[in-house]
Amino acid sequence: MIKDRVNQLLQERQRGFSLPGAFYVDDDMFEADLEAVFATDWLFAGSVAEIRGPGDYITMEIGRDSIVILRDREGEVRAFFNTCRHRGSRLCLHETGRANRIVCPYHQWVYELDGSLINARQMPEGFDRASHGLHPVHVEVICGLIYVCLAETPPSLEKFRKTVTPYIAPHQPDRTKVAFFSTIIEEANWKLVIDNNRECYHCAGNHPALLVTLVEFALPDDPAANATFKGLMDRSTARWDGLGLPHAPADGGTEFRCIRLPFNDDCLSFTMDGKPACNKLLADFTEPDLGSVRMFRVPNNWNHFLSDHILHFRVLPLSANRTAVKTTWLVHEDAVEGVDYDLKRLTEVWTETNDEDRILAENNHKGVRSRAYQPGPLAPSEFMLNNFADWYCTKMADWAGGPGGRRIAAE
Amino acid sequence: MIKDRVNQLLQERQRGFSLPGAFYVDDDMFEADLEAVFATDWLFAGSVAEIRGPGDYITMEIGRDSIVILRDREGEVRAFFNTCRHRGSRLCLHETGRANRIVCPYHQWVYELDGSLINARQMPEGFDRASHGLHPVHVEVICGLIYVCLAETPPSLEKFRKTVTPYIAPHQPDRTKVAFFSTIIEEANWKLVIDNNRECYHCAGNHPALLVTLVEFALPDDPAANATFKGLMDRSTARWDGLGLPHAPADGGTEFRCIRLPFNDDCLSFTMDGKPACNKLLADFTEPDLGSVRMFRVPNNWNHFLSDHILHFRVLPLSANRTAVKTTWLVHEDAVEGVDYDLKRLTEVWTETNDEDRILAENNHKGVRSRAYQPGPLAPSEFMLNNFADWYCTKMADWAGGPGGRRIAAE
Amino acid sequence: MIKDRVNQLLQERQRGFSLPGAFYVDDDMFEADLEAVFATDWLFAGSVAEIRGPGDYITMEIGRDSIVILRDREGEVRAFFNTCRHRGSRLCLHETGRANRIVCPYHQWVYELDGSLINARQMPEGFDRASHGLHPVHVEVICGLIYVCLAETPPSLEKFRKTVTPYIAPHQPDRTKVAFFSTIIEEANWKLVIDNNRECYHCAGNHPALLVTLVEFALPDDPAANATFKGLMDRSTARWDGLGLPHAPADGGTEFRCIRLPFNDDCLSFTMDGKPACNKLLADFTEPDLGSVRMFRVPNNWNHFLSDHILHFRVLPLSANRTAVKTTWLVHEDAVEGVDYDLKRLTEVWTETNDEDRILAENNHKGVRSRAYQPGPLAPSEFMLNNFADWYCTKMADWAGGPGGRRIAAE
């Protein structure tokens, strides 16, 4: 019945317009999202910099599920459902922590960092520990970015890996450390949070701090771009070519996007004055003028890779109208707070921007709930919302399996 | 299916008793209310005194809808769904404000005060602005009271207008200003809030401040009324007849009620001592002893028109168990706070009374949720609850279209 | 349809494992619990010590129902639905109080303490007060413990009464007074709260204060028990036999459990040092070394009867993921605070323990919500969870009436 409803809404959807309102606000469509999207696709979970040593872990909530992502004794990144195999208690209770082994707080069942159950006191002779290990979750690490997949058989990530690695690897994300981490809750559907990120049409009216440095154009050949931008683009790409750093838009289809774009003239980083936020540059960079690699991947992740720091954003759906947005600021692993960087200066632009975006997404959600809402026409500068909607509708169609699905998927 | 349930409950309803409990507490009946009542009928939205100048606006939440009511450049009152035609953001974010034009906070689409879209930056050549104006909402203004209707084809308000105008017009509501405005949230169904207002059976036990001045009888010929009231009534009506002010109960059927009733002997206004709250009387009144015109209209509005101030109450359903009650205190447009009136003195009686009523409605809601609740018998002094229930059941029957509906509607 | 779902889940249930997750977390299963369990069975409501005089009352919330339990003028304990027969207002608004008569706060209908309506002002001639008394709730008092049943025809309590009386009566609960009362809200399903209480497998890792005095073994012949416990048990039972105090496990089937067990060596009461909490012992005890009678009864009650105080715990379901736990500490009616007992000393062990259990139950609930949860194997020391699950599944099967029900009920 819920699949019939998905198929009906997919029939109503028109390309070039925002989605039918039910996709954004209805509880049953949120359940469909959890099954069709979040239980099947790769999800961004964090950076290896968040779990540098054995036993370091982070947890991630997706709807009603909690996942624990950790580094095992051999240095491998692993992920498990954060649910004990005994009576189901949560195991790791914090957003981040370190554990020699995973010990259930309820009855102290003990799991190795590879998920195997190694002790379950008071269980009788003959209890089969081997069949009571933690339920594993698939993990892939791409240049230090951790992706997890809840599905039994995950889709391939190889095109993504192969395509984005040349852009990201030079910034050496695996030689970074966490400078700051923030969590905000937005009273809005996760797709409205993503929509908000997928265009800069709203920037001029809402993001004064961000626009000190960020260029509003998403593509080198943006038809709306002016001569100033074209000149800046030409100078920048010549310099990056000289350094062997890729910059052209990658072909990610509707699944991902990767591109290097310059900051505004004379700007080098996301700061209030455009000067670097961290004097110790990433990798072994000596050139601070690297713009930023903007990398987005469905359904829940965007990033900026700069010369002096890296920003990861992960979007976690909590309910139809609640979404967590977690932001990580990474700097060179040898950078020293107070010496190489000032924390307020490093974080203030995106802290403000996140909060501005939260208000926009929340008001968007409120308005979409109204009977007066109808899908509205997207501007050319919102082309990435169309990409996202195409991808989303294809996922939903695959899941729901109806004729509406086939129609969209075939487009 | 929801209509079947409405029809079943209508069959169970007995006149002279409170309603079957599901009408008050069930989520699906709240959805039915939004469709059958709030999407079809005229709703009280406020006073013209709240939007005196061009661009002044107020917003009103009805369930999941938000409506913006404003005064346009020609001085006309207009109303629109508060949802942008682009991607659906809320437009006006405050309860009250002033706007030269309506500019969407998200992407700055600009709407004229007549709702037409006059600018949508970045939209391509050929974009049809004319078909993307704000969705209008019907508006009627009756002696300064603003009513809106979300339906495409609203019912007639002419009988109401014609009937109540002689009672209200002499108080000249369009020559008033807002002295105070309050919003309270009651954890109770909107119909329990209305029920609470429709009888004074509960006054003696709960409203000490109100009963300093308010008479508990609802009709001149109330069979329960004593000789004191009859004498007061006779003296009052003689005086009002001399001033040409109508007072007899109007024939509003189940839709509205309008009557002028005296205050207790020697009392002139809703104050703790019965003396006027504002020394500058409304209109050009010189006689302060005008009692009050009590005017109620389904589904969400009651009012008091006194010699020295006007009170509007609007009831806004938020969910099955949450209701906003907004109260406006109006005084003569030339009255000066601190000179002609003291704000605490003006507002304290109804601020206390509202809070007392909130507690009563909330405890009523809690009790109705119990399996032990069954519709109980109404007292003669609760005759207006019966009128309200008759009206409500007819609306629900019209909407649900079942035989239960026809039965009630035919009574 | 909800019954079909119950039957399906009952088919999935395996003895020796925790329950299928939906029973713990789904809203519709909570509704089924209210009907199948809480509307049919006897529920612990409190102690007679809480309502010592005529008109003393306590209220109890069960799902959406509120019950008032009071002592009438003749000293009898009575219970009623806490809902007025007029328009359904809650009547008694506090957790505990005293009322000469029950007067509805809304319109002052007056009920005698026997539930009869004795005054309903403004109701017309001929109004039949006799048919508008409060809806009664069945009450049984067993050694001062009050049980209520919302069903029209309650099941028999005689086996329970007959069996537990010899254990409890010597402690003379009807000669006690309330020393302290606490309410905590746990964000967990009520069955997870009960599960938590039904085993001490979790004690070692979580209850440092409790384990100062509590023995972890649930039965005299616990196969896991060590020589120390066996010696303690032998010495204790010899002493209790000498005093004529029963101690052997009673045969309560899956419905109740009653047993007297010793505290740890040299420990007499639930205190941080094991010494008595109240110097005035209960009844006319002179021997403080009485261990505690541990008495549990489905669905919502466990207790400890010591030489110096009594503890009652009542579990009240509020929604699928919210449960109130109320704890009462009773001491001898003549004990004087500050002289015979210190309140902090009396209450600190179980105040801490309750809070520790709250956290365990809440994390259990969170983990069970995950798609990764599957019923896990119970340890031998969790045998009482199996008893509880057997009882619960039989109740659900009786209510749902499907083949799954019959299968379980026949086991």
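The first chain written gets the first letter, and so on, giving A, B and C; residue counts start at 1 in each chain.
The rule is simple: a contact is a pair of C-beta atoms (placed from the backbone, for glycine too) under 8 Å apart; a residue touches a chain by one contact, two chains touch by 3 or more.
In this text, all values refer to a predicted model and were calculated from it rather than measured experimentally.
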| item | value |
| --- | --- |
| Category of the chain touch graph - line, ring, star, complete, other | complete |
| Fraction-based call for chain B against chain A, same above half, different below | different |
| Inter-chain centre distance, chain A versus chain B - centres from mean C-alpha coordinates, in Å | 47 |
| Shared-contact residues (touching 2 or more other chains) in chain B | none |
| Complex contact set, residues of chain C against chain B | 39, 64-66, 81-91, 93, 105-108, 120, 122-124, 127, 132, 135, 150 |
| Residues of chain A that touch chain B when the two form their complex | 18, 21, 195, 201-202, 204-206, 224, 360, 363-364, 366-374, 376-381 |
